[in-house]
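Here the chain labels run A, B, C and D in written order, and each chain numbers its own residues starting at 1.
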């Protein structure tokens, strides 16, 4: 099967870009069996709302994964409970609304998606390695995609090696800068340290330079504003073996609108 | 001279407590030449506003020091520029509104107050040690009080030893829990690692247990609410030698309303 | 029963001080049913060794608790597995040598000791709140002491409130500065945010000022040296109801040698 | 002029790889006017020694930049003072051995190199933005390369925009994973968020998986070992206008030995 995974969709510019590019991607890379997008920043850079989630689904997104920002807007919490297409990291503790794992079926094909979050330089939550061990056993699908939302390159790389041969792909999100280290690991797992951000790249990881620089220069908090310049869609296209779940290839996308 | 320093005044409960206790403190500890209070949490737990600052001044506070929360409410920024009785940490970088140092005169006595902030586990700003070196030279007053607003016990202790003999007192704030290590250091500087918080101690460092515990159990952000139970005023009374600036004594106060 | 809990014993000066003070403590506070000491810094400031543990036991210590530094010396790992009197935080993940909980019996009295570690500003490990929930059920003793080794005052305070009524005492360690907020909480649990350090207080939380200040001024790592000046033993004496496990009193000790 | 900048050279595998690849790079990309390499991990993954620095120079490296690990081996400190070809981040405070800026001349061409370090999730040192402002004024050379050694993608990106038009290139190091966002910014400054690591990529950012995974699973510190598998040289080739200092192009290199 062919899967498109789209990195952190950033606010309105990210959503509009995604909507406008899906046709081109399908025509260039061929039919997509599943589209998964990280949506933690989809609502004005912070979290999710119901209309924003709908907008992503209308683009053709089948599953929206999350991260630390998923919880920024309180209205997202009931959505997470209600809609199985919305995921948040599975290693948030028991009692947190929503789910971190789903198995999705389309046209007779099944894809498991597991969302995890790192802990280095991040909020202390449950161990992503052990959570992966616990959850993977329960997935009745050979093809499994893992979105690991993490700051430290080391933690994402280690998790990919830890899961190599057990899942189809380990794709990092959160830093908003695409890395260039894609590969299929020896056990058959596709890996990329960070898929990068979908939105305006002209500023600072999705926010305008003008709104970010004061905090860096002064230490005083400031309201960040979503950047609309230099739009780019950052994603990967995965080819997975339907029978074995092994990744056949991983290709990075870093697309500007025409 | 006799100086009262009041630890982080927490929201309305802290302000009301302070107002109600000043008479008792003056009658029990004698006339106070200066009253200094850390006000970073005075406005509903986050920052300062003009009416809140006025309320502190009406209690008899001469100088309001600050910390990381001083900047939480944008309306505080012009106040900091306008009113020399309001300080924020001096080691915030150039360009930050307000000032971190003041020399105050009352009844022929002069007190310098220097506000600093730590960096361990905190926002990266300028070095508090070097900022102290630079600023202390410009103070024309033998008595100088330093409020060092910091998380790490090591950083506060080291700064006290670094400044021993150069200032009258180094008093820590920020952790909201009073420490029991008050002493006059060999060079004549009074020291306490943390003065503690003035407000409701029945919850978690000034916020209600009910509003804090969800974040600790789940990792999901939550709105904190100011605690109103178990009111205590945390402060120190300093006796300083007017000529030499040396501390003669430091006494911790941890007072409940009668 | 009467229990003495001794805060982080710092290197040789801490061990010698403890040895020299036990007689005076027993004569002044009366017979001690159990003595528990945090030993994470007992071996030259970093970790434990077999001879150092023996030295603590010879002082009359019944149980040695730990923290982040417990693992500094590799030779401690087999000790932790072998000797049930040595604890390390219980919320280190499965697979870590040693244990975090023990029930100790002496003269017909039983004391449970649970060691936990915080996560704010510390290594990401398992949740101390849920670990406490899981472990407390298995303790067949009404009197239970919890050593929570943590940096953030908020996390220690919240854990004490979380466990109030379920354990006899929640005592903080790790910051090396004794706090002044001891109390018996409404549910009967004795609490102190940090017991403080046992060793030389003349420097910076147990290390010499001369060895610590270069790192703070320059950012360049430096070898820390154990401080031998201004020796103080920081501890608490707890009176517990043998039947109910409720704390009857908590008294802070901050003792200098005579 | 043409400049090769090589990302963090990791231990012996990294040094050997660099030595073996320089000929191929020169033959493929043409003569190199300057070669700059980040050497903070060159000595067994941690710091520098005199023989290791010599080995880098023998490869054709003209300037060795540094980072947080530069200070890991005490023997590096006098080297930094003595040899102007060795840099460490310029925003370490006054009093730190060595220098953070050099202007190098070869065959009548001059290149300024400025080394900076980030602060987000890193040691608190001086502000890299203001240090850049202060130091750039003193450079008498149109072509200036900045190595910003930092964890957070936001800080590196912001610094690049801050310096756009004032330097020839802002190249990130430290995360050991090459990013895919190279560009020449509007003002003429070449930018890449992270150049990536030169050494064994088969493990976890330069260390073996076997030596890194225990710490991630257990929280217990462990000795890391340099990885020798999947050797790759990560670097960029810059074409700079000698007159204006503007970058004409930036090309990422991610080379395996033949």
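Some observations on this one:
Criterion: contacts are C-beta pairs under 8 Å (C-beta built on N, C-alpha and C of every residue); 3 or more make two chains touch, one makes a residue touch a chain.
Just so we're on the same page, UniProt names per chain: A, B, C, D = Metallophosphoesterase.
Given the structure is predicted, the values throughout are model-derived calculations rather than measurements.
The chains in contact with chain B as well as with chain C are A, D. At the chain C-chain D interface, residue numbers used by both copies make up over half of all numbers present, so the two copies contact each other through mostly the same positions.
Annotation: 30 Å between the Cα-based centres of chain A and chain D. Mean C-alpha positions place chain A and chain B at a centre distance of 44 Å. The set of chain D residues that touch two or more partner chains comprises 93, 124, 127, 130, 217. Taken pairwise by the contact criterion, the protein chains are fully connected, each one touching every other.
Against chain C, the residues of chain A that register as touching in their complex are 93, 119-120, 124, 126-127, 130.
The residues of chain D lying in touch with chain C in their complex are 71-72, 92-93, 95-96, 123-125, 217-221. Across the complex, chain B meets chain C through its residues 121, 127, 129-130, 151-155, 157-158, 161-162, 175-181, 193-194, 196, 201, 203-205, 209, 212-213, 216-217, 252, 254.
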